[in-house]
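Okay, so chain A shows up in both of these, paired with chain B first and chain C after.
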Partner chain A sequence: MDDKYEILKPYILLLPALIVLIVLFLGGLVSAIAQSLGYFPLIGLEEFTLNYFVEVLTDAQFLAALRFSIYISLLSSLLSVILGVFLAYQLLKLADDNSFISAIYKLPIIVPYLAATLMVFLIFSQSGILSRILYNLNIIDNMNLFPKMVFDNNGIGIILTYFWKQLPFVTLVVLTVLKNINTSWEEVASNLGANGWQIFWNIYFPISLPSISSAFVIIFAFSFGAYEVPYLLGPTFPRALPVLAFQRYNSLDLSQRPYAMVIAVTLAAISFVLMLIYKKLIKISKL
Partner chain B sequence: MNKKKMLILLFVLIISTFILSACGGDSAQEEINLLDSDWESIEELAQGQELNFYMWGGDERINQWVDNYAAQRLKELYDIELNRVPMGPNDYLNQLLAEKQADRDPGSIDLLWINGENFITAMNNDLLFGPFVDQIPNYHKYMDTDSYEITRDFGYPTDGYEIPWGKAQFTFIYDKARTENPPYTFAEFENWIKDNPGQFTYPAPPNFTGSVFLRHIIYEVTGGHEQYQNIESESELREKIRPAMEYLRDLKPYLWREGETYPATTAQLNNMFVDGELMATMAYSTVLASGEIESGNFPATVRTFVLENGTIANTHFLAIPFNAPNKAAAMVGANFLTSFEAQLEKFDPQKWGDLPVFSYEKLSEEEQQQVDNIDLGVATLEQEVLDSHSLPEMPAEFIPIIEEEWEKIIGQ
Partner chain C sequence: MSQRNSEKITKIIQNHKLRRFLLYSIILIMILPLLYLLIWSFARRWPWPYLLPEEFSLDSWRYFFNPSSGALAALSLSFFISLAVTFLALCISIPAGKALGLYNFKGKKIINSLVLAPIIIPPLAVTMGIHINFIRLGLAGRVIGVILVHLIPTIPYSIKILTDVFAVLGDKIEEQARVLGANSWQRFFYITLPLIKSGILSAGTMVFIVSFSQYFLTFLMGGGRVVTFPMILFPLIETGNRPLAAVYSWVFILAALAFTIIIERIFKNKELSKEYLQL
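Here is the complex of A and B:
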């Protein structure tokens, strides 16, 4: 009796969380996949078909959005990771814990994305604060000469927002790992004549690489699937993938729904692949 | 120790059952036939009920009006607890569709602020309760029940499933400190844009305001609104609006950012207008500019204008979902919101500035006096000017098609 109970216990304790997960998440995923395959009985679509996938995946607007989303997430994540690792390494070298600096660099983490978006809009738009300062200093003659950084086709505003938000996250993750690396290796290396760059490149970097990569995967997946920043700061053409998906989903023409779901399922599939990569990296870091 | 374990287990099981049963829902509820009852018994039934009012929440002044004025008065008059839930039509329709799929009755929404394409979607999917409008006393008392703007919503018959509660008309907004004489004819409008390159734009459809701007261009470029009431097929519509889309495409070099990109929201458009980046903005409202001047967001020199051929006006409505938990409260709420008192309060630009739905002729002399005394604000055009420049909306099912064409032709 007691044995049986011991076996069942963890499952029973997991039950409340599992119910929520299964009903909300799995239920949503299954109905999204069903609708992307053309099963949407509410408006009389009852046959499974791959046509929607074929149509969407060959649609120029979709491909442009996919390219744009990958470009934004890749560039912003790379920037955040490179500078984040650099910053973490510099912070590591600070003699003792400087609570002021460590509070400052973590600040963006608690600021909501929406607030960060607004901040970028107010500072970097052509009629924004930066443009006004330059105008008042007579560096530019009118605000149209200020570079287009918001609603622009290069997604600079979006990338800036993600970079500002994600840099401290990478720093935090990497710094934690760097702190736990045995300092005697560094001492040995410098004893043998290695310079600072060689110490970083041959000791710290390889050891922290798995956590650097997993930080990269996390922020890439986030910026790839996030909606509000590209909606508010992005160009009209091309729209980012999540913006396009939401626009189709929100269309009052319900026959658009399967198309929206194809985009959503594609997004989910890409995120799933990223999750697998992430798991692999975690495994490596545990070796 | 085993006892403690059993207690935890029991606790977890109780929570699980609770979650499960909450998902199931329970539809057994005593309900009188509200469509046949007399008004007194409906009012009695509504006493003390909750009223979940789902409405677009993007305008702080409107929210304030609902939260402070309407909620308070309903509490005083009927002990009804009004909860404003800020949710746009696209989202609440999706929620209702999901509730319908899951057979959830009673649902969560009592009253909706709705019109146009959203109403048609709701009707086509049987999402509404009714026809209840005949039951509402103020409908008969104050409204001209035969007028086109009350019996039709974007060309679609309302059939008693939604009750009018406000009207809006599109206006352009400019700053007279920058533009001395605003354009009046469409040719002047075009020259105004071309003479000031980079200083005009519109929100990207499917933004609501951007979308109605497109419809103005369609009316202007393709020869008026009448033809759009009898379009036979989708391809005919696409063919017909093509010149307007090409017109907008050719206008791109003169627009903000050479028309490569468009602001996503009216908030951004207004922001750029105030910052001087743009020379004009626009609103599906006649008093928004006056209200914004009053609250200090727009400079005092801001004014509005309409074009010679008119600007589009529409009526907005209230409807009750098929699975509203408190339909009686919803009906009493709708009756209150269409009362003279609420309509007058709503008309005041200081508070909201929404055009009333009552017919002026049906008001008593004293009531007419009260309406005449309202100060509509410096930037608001005379009601006469607005009325003589008012155009009907297009049938709502055209709107997604127009937006698609815009995307195709402008997005190239």
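Here is the complex of A and C:
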């Protein structure tokens, strides 16, 4: 009797979590996939078909959105990771008197994305503070001469928002790992004549690589699937994938629903593949 | 030899100065936007290309505190929803974290992946899929429906944090209490709970912040009828009402910050840490 309970115990403990994950998360995913395959009984669609996929995946607007989303997420995540690792390393080296700095740099983590979006708009739009400063320095005499960085086709405003929010996150994750690395290795390397760069590349970087890459995957996936920032700061064309998906979803014409779901499922599929690649890489690095 | 040493020292000092300069400039980039946002919240007229507002005023702040704007009601609803989500997420995650952190069992790998999947697979896609079912069940457009969908992006973090905490803790102490005759509730409240307190704190804060800043899931599931704080901030940014959006954003940031600090202050009190030492 007791034995049986011991075997079942972890499953009983996991039950509430599994109910939420299976019913809400997997249930939502399966429902999205079913609708993307044309199963939408509400308007009389009951046959599974790949037609919606074919139509959407060959649609120029969709392909532009896909490119745009990948470009934004990739660039903002790369910037955040590279500078985040750099900042974490510098913070580690400043170890003695950094209590103020280490409290301050984390601030953007708790700033909601909407507030960050507003700040980027107030700073980088053509009537923003940067353009005002340039005017007062007599560099431009008209706000239209300021480069378009918000609602622009290059998504600069979106990338800056993600960068500002995610840089401290990467720094925090990487710094936590760096702090736990044995400093005697560095001393040995330095006694053997290694310089700062060599120490960083050969000791700190390889050890923190798994957390660097998981931070990258997390922020990439987030930016890839987020709606509000590209909606508020992005151009009307191309739109980001989540914006396009919701535009179709919100259409009064319910027959648009399967198209919206195809976009949503594509988003999920690309993120899923990214996770698989990441897991493979982790496995290889452990060998 | 000594010359080489002094060269080395100058280099270290230069490095240190450069490092400081870089760090402070990066920190500045993090902080200045917040101050600039604060100035905007007091602006009445601030046309281009003025560097400071032509006219300052408290109008936007007054509007915010005026009950007719609905801002405070939205803020309280946001607090209520996020606290409920935090409570539910913790109730789910503490046992789950214990199972994943302490035991080995069949299917653990799959469950681990399932737990982390919502971090990678966009909740937007999942929620769009499940929306129709929530409508059918009468959960859409209601606070309870919003609370439920907020669990999707939040529990991966709380389960992960608590799993790590339990893995570090091990089950030796609880085992000891069992041998000494404590029943399972006693073991949980007097042994486990105090030991995992810091894990609960970080998991709870994380869940709260993620739920508190959620826009899209609330918008979709609430269908405009569950008016949380982001619901009223979003249109202000969209329409470009800068002073008012700045006020709302500042309150939003302050609320999140205050919650984090208060939680840390309340629960890191000495009484509990004394108890911890007695163990």
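Rule of thumb we're sticking to: the second predicted complex is superposed on the first by the 273 of 287 C-alpha atoms of A that agree within 3 Å, B and C clash if a C-alpha of one lies under 4 Å from a C-alpha of the other, contacts with A are read in each partner's own complex, and residues count from 1 in each chain.
Quick note on the criterion: a contact is a pair of C-beta atoms (placed from the backbone, for glycine too) under 8 Å apart; a residue touches a chain by one contact, two chains touch by 3 or more.
Only a predicted model underlies this, so the values are computations on that prediction, with no experimental measurement involved.
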So, after the overlay on chain A, do chain B and chain C clash or fit? They clash
**Asked** Thinking of the overlay built on chain A, is A:123 touched by chain B (first), by chain C (second), by both, or by neither?
**Response** second
Return first, second, both or neither, reflecting whether A:16 touches chain B, chain C, both chains, or no partner chain.
both
**Q.** Contacts of A:61 with chain B and chain C, given as first, second, both or neither
**A.** first
Thinking of the overlay built on chain A, is A:268 touched by chain B (first), by chain C (second), by both, or by neither?
second
Taking the superposition on A as described, I'd like to know which of chain B and chain C A:32 touches: first, second, both or neither.
second
Discussion item. On the A-aligned overlay, A:247 touches which partner chain: chain B = first, chain C = second, or both, or neither?
Written reply: first
Comparing chain B and chain C in the superposed model, the one touching more of chain A is C
Quiz item: Once the shared chain is lined up, is A:148 touching chain B (first), chain C (second), both, or neither of them?
Solution: first
Quick one: classify A:236 as touching chain B (first), chain C (second), both or neither.
first
Going through chain A, the residues touched by chain B and also by chain C turn out to be 9, 12-13, 15-16, 20, 42, 121, 127, 143, 232, 249
The answer for chain C against chain A in the complex is residues 15, 19-20, 22-23, 26-27, 29-31, 33-34, 36-37, 40, 48-51, 91-93, 95-96, 98-100, 103, 105, 108, 111, 114-115, 117-130, 132-133, 148-149, 151-152, 155, 159, 209, 212-213, 215-216, 220, 230, 233-234, 237-238, 242, 245-246, 249-250, 252-253, 256-257, 260
Touching chain C in the complex, chain A uses residues 7, 9-18, 20-22, 24-33, 35, 42, 83, 87, 90-91, 93-94, 101, 104-105, 107-115, 117-123, 127, 129, 131-133, 135-136, 143, 164, 168, 196, 217-218, 221, 224-228, 232, 242, 245-246, 249, 260-261, 264-265, 267-268, 271-272, 274-275
Touching chain B in the complex, chain A uses residues 5, 9, 12-13, 15-16, 19-20, 23, 42-43, 61, 121, 125-127, 143-144, 148, 151-153, 231-232, 234-237, 247, 249-254, 256
Chain A partner, complex, touching residues on chain B are 5, 8-9, 12-13, 15-16, 19-20, 23, 90-91, 93-94, 97, 100-101, 117-118, 120-121, 125, 198, 204, 206, 257, 260-265, 268, 272, 275-277, 399-400, 407, 410-411
